[in-house]
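Take a look at this one; I'll ask things after.
Letters are used for the chains, namely A, B, C and D, taken in the order the chains are written, and counting of residues starts over at 1 for each.
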């Protein structure tokens, strides 16, 4: 014990007080940090801050005016997201083990941190009193509150210390579900003041204590349960490569599904479903599977080119004929698959993977069409589209979605050996990049309408997505170009020497190598999109930030929140931080693992 | 017949033909697309009664601007100029500050001191993960939560911050400041020459010539001479530009159109000639590839288009601008005005110290009870300026700190070992080995960050800072001309980006050559 | 079968799949709209679509507000509801589009919205240059300034008194130009800080960054009622420095649509004149008041049907939304804006709210 | 009949003339070794044969097809001519097997099972069948170069070009690559080999050529070339290299 303390002191001395300058720096930095924290704490807890303006508008923040009767769609989408996360966590589970004592150590560290912060928290804060208009010191965190809190925290510390004696180790990936479990339990037990209106639409004072958002308790709990189940399923199928592939593909397709099912409300005509869609679906499923399994048969192989020719003709014809859209899409998909089937389905393993991919893509296509072609939009009372946090994510994910292919094309163009194409692509990239995003957003909001033909009208969100496609596409193009340039010249020469043409060279040799190099960039670019999407507030789209700084500060009926935008701003900053921080941390870890696996 | 057909087939299978056919089809499609959209735009504009015109540049917008060159602009052009200068002001000071803070933060992150390192890291994690716009809004809220500027806050202060903004003591420019600045640049050049001269002497004669001391003393002496009136020697330049200005006033607009056309023609012809002669060396009679022909043709085509544009309304507009045609644009940036401005600024009859160190002053507005920060004495920053500046500087500094850290880390390992094995001391190791190489690694990403900073200043629009985007928006709200304003934004930002990247590339190349 | 063709198809299909979602969306919208625009009148478009697209503000206390569940309320919003009630007999068939001041006219002329009810000032240039027409004024406003008594201002202060001060206002409106011009005429200069939303201007005023804040009188009164606990704020000059008649705006060249909007507004005014409210509209004596009878469709509602509406259209407006006085007091009285003695009082009581007779 | 016929081939890079008129004929089944100092144009010449570089004057006729700008001819010649590079140029994102089967499936349009079978045969021939499912990065340099040879052979070419195949290898690996090449030469493949491995030239070459400064200085049988060179430049070159 004695030695331990000595060691600790030495570590502290080495790290903090190694030289006079270092000592001085230590004190100065600590002072700045503590006073910054005290200032922030005072700012946040001052009595003129009405944090209920944040809590009461949570629904507005999340989905804006999306109708409550259709919330089930959003829950399903969020649930799907969590199920896939659970599957992924299970499938790519790390072997790292952690023990209960380690976990408790982490928790006790956090609790000690909170204890420290509680001790240094300020007692008073300066506010302008509304009654007298004079600045005055107001008590924000009295000792009467502080001491019980401290004793609870110390109690927790003791509990953690005791638990840490239990010797129990479990897998690190399992931690995620524990971390998710904590807020869900809190949802059931925590009670906070909530705004209630009486029969005359007047706010009831004092605000009664209610559990946090009653309506979300059950969905979140269900989602947590499905997460855990998905995790277990993932662990079970850990060694199935096909399953992993299917999950990866589903991740790419999931946003499309969410998009079509959140915005569209398909009229499901059971009759037509049974008579048309299901037979078509099953028919194509069978044709695809048969092709996969039979195509390399010696007898069938001879007729492959006839089959393909027939398929091309039928597909082209179907595009112009009046047949149901599912047939068109399925034909196109089948054609796409048939072109690659003979090359992939030579081994039993290849056949199995291909079958899974075929089923997943056909099913998704069918679902997408059901949602996507439906003309019935969700009727949102108020706005044509939902907003808030959902919009922020929509812009981030679809910004990446639409900009990625464009970025690839621009990068290829810029790297092309053809001078005109290279010039044009370079011009587009440089022009788009040199101008700030906000001016492009203005272009979308006020100028683009001028360029649209008479009668064609895009929703502002679609216009913003178009502009985002170009803007982040140009940035993508630069990143991909980096990947392209890292490919040695010899690769092109070798491809030439074995007689490949330009398209084959690009799709088989160049892009696979270039894209692998930019996977990390993809994640960071989603993060950037997520952050950049906050700029749409300036053109009046109702994203997360707009609601906090423009809408809530204007509410006067029936509850008055006029002028309470600082607490909302702080809340928004916090939410953005939580999301980007965790995302970037996860991606960093993922990257590390990816890198280790490859080398 | 068959022969002919096969010949035609062979022609279309020719690689060169294919290559150019693909490109021209692409180009044709692109031009058709652009033309189509322009057509639609023209039609739509006609429908909405807003004809595309640049007229608003000359008209008085009737709106005042919070800060900048012209707070009550007489023309749309002046208004945009004000926004541009505001944007440049924040960009230039921001780049300097962000580099400074970024370097400090980067070094702090490599520090052995636990608290310093953790503080820098947590600052990084907070700033990097919150949208810049939210940060700028937050800084604005922070400044607005400061006390009001009260009645009793009057007089001179060293530093003052209130909800009205920030006031600092500042060396204020006097009449001779521009001359002194120019003089100082010349001084810097001279002392640099002295340094190089002494180094050369050292190398030739092998004796200690103290180059650093020499150049420093040259700098100090020249500076002192300049400060007490010596700077007036620069007045010669002002005198000359006065003549130039008078001469330019006589010239009609057509002169500039012709001049620019001739320059364009000359440049294109010389470059084509250069290309031709490069393949014409003696007996090694070179062959031109299709790309070479293309380059020549495109050079000529660009020149012809440029010349044609020079005599179209665009060229007339440019010429009018250069002539400084008062009634058209009410611009002060025409060439005669420009040289006139130089001759006014660099006038040798100006006396007195070029700069005067002033305390910030809080003054009374007229006879009312209102107080404001003096804009004449000291330096006053508005809330919008301060919030935007702080936002972009901290945001960029964080990214720069990552670059600095990565740069130093990339070099330090093997190179430090090599340096130490040569017997270099730690300080000289950093100065001679690590930094020169790290800077070379750091420069390209730094350039990108500078560009981002320049572009991010446009977020000032959210806190009422009148930079070019905000001003442009106000302008088209008044006049309805969104398209021209958008074009001006594009040209302006492209120019800024191009200039910045040219500067960065210049240094990049210079450092590279030095390395070899 | 040539393999090159397959590769081409593959790439083509990839491109389609890659941009599938947007193109599909675009195509659907494009066809819809093309279909819509085949010389159909706005009314037909709206009826076919099944709901009204109404452009409102991004947030103006009392005029357009968004509740905690995303529901809309406010003076302008109620007029959107009224138009929907007239067309469909169901006030809730409205889709609101919140527009910034910069994009509102573009949105209107591009057909993104059917009618713009977004505290928009009726000016000559907007009426002539932008291809819009203006409906009857629903709210007579005027630009005023607000300062503090503590700073030595009073309601007898004038524009000349603000020489050299820092003034905050919101962007994209006529206010920037008005204040600059008026101060210029009075021989002074100001430092004008323009922010996007009025709430930010007020924040700056409260914090003390700005000495004066200026916008339409309604906005000032509303915010003073809510934020000025000390009774320190004063609005001046008494007669506004500008005229700001606010009302609905629609595309020109569609007189049927214009009639519908105009008479929806007039119906609320006429109902107010007769004292017919949401509550008593069913018991209104239509026989005794033939004007009301015509308006509410008692005798076949010939005039309404000629407009292309249901005979009961304006009855529905009053039944579901209320008369002018109800709309006004419901939304603006809580903010301290009252009709009595102002421009927005009934014409009989000396105000400007006047409707042509329904005959 | 000669399988490759080059007449007065000239090539410029900008204003630098790399080939100053090369003429030669190669018979089917012949093994030709080209040597010469670096920058003498030997690599450029063999790269001209399968159009990795474009010659500007003169003519090259491969197997009766003239190499012109006609894309059909280029494609035809490229599938007749296999090439092995100094830096192997294997595709790092594909396994050894995929590297070999890529061209047959996509260019020759063969079914995957056939080309895989063929690939395994070729891997046997170059002596590394056990490496089929590894990635190139996991192989040694000699193994990589043998895979590269197998990849070129998979297209069943009539002519093989070797551009300094051993100069990026360690001495012990050189041997294993040269053994494969010798075996190939004995099987009757037409080969043009740019190399400095004089032992190889002595053993298997039918003819040896020396390039200098864009010109072919000497062409001779190996014995004559090494024992009794005609040209002074050859003597100088041999004295430096041996």
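By definition in this document, a residue touches a chain if its C-beta (ideal position, glycine included) is under 8 Å from a C-beta of that chain, and two chains touch if they have at least 3 such contacts.
It should be emphasised that the depicted structure is a prediction, and the values quoted were computed from it without experimental measurement.
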Per-chain Cα centre nearest the global Cα centre, belonging to chain: A
Centre-of-Cα separation between chain C and chain A, whole angstrom: 37
Inter-centroid spacing, chain C versus chain B (mean Cα positions, whole Å): 43
Distance between the centres, which are taken as Cα means, of chain D and chain C, whole angstrom: 79
Distance from chain D to chain B - Cα centre to Cα centre, in angstrom: 54
Touching two or more other chains - residue numbers and ranges from chain B: 47, 145, 147, 461-462, 473, 476, 482
Residues within chain D bordering two or more other chains: 106
Junction residues of chain A, two or more chains touched: 442, 446, 449, 452, 454, 501, 504, 538, 549
Chains grouped in pairs wherever the two touch, ordered by label: A-B, A-C, A-D, B-C, B-D
Residues of chain B touching chain C in the complex: 47-50, 61-67, 71-72, 143-149, 162-165, 365-366, 368-370, 372, 382-384, 461-464, 466, 470, 473-474, 476-478, 480, 482
Residues on chain B engaged by chain D in the complex (per definition of touch): 10, 13-18, 278-281, 284, 286-287
Touching residues on chain B, where the partner in the complex is chain A: 19, 22-24, 26-27, 30, 37, 40-41, 43-45, 47, 111-116, 119, 125-126, 128-135, 137-138, 141, 145, 147, 291, 294-295, 298, 451, 455-456, 458-459, 461-462, 469, 473, 476, 482-483, 486, 489-490, 493-494, 496-498
Touching residues on chain C, where the partner in the complex is chain B: 101-102, 105-106, 109, 128-131, 151-152, 161, 163-166, 168, 171-173, 176-177, 180-181, 184, 189-196, 200, 203-204, 207-209, 211
Sites on chain D touched by chain A in the complex: 50-52, 75, 78-79, 81-83, 85, 87-93, 102-103, 105-107, 111-113, 116, 148, 151-152, 155
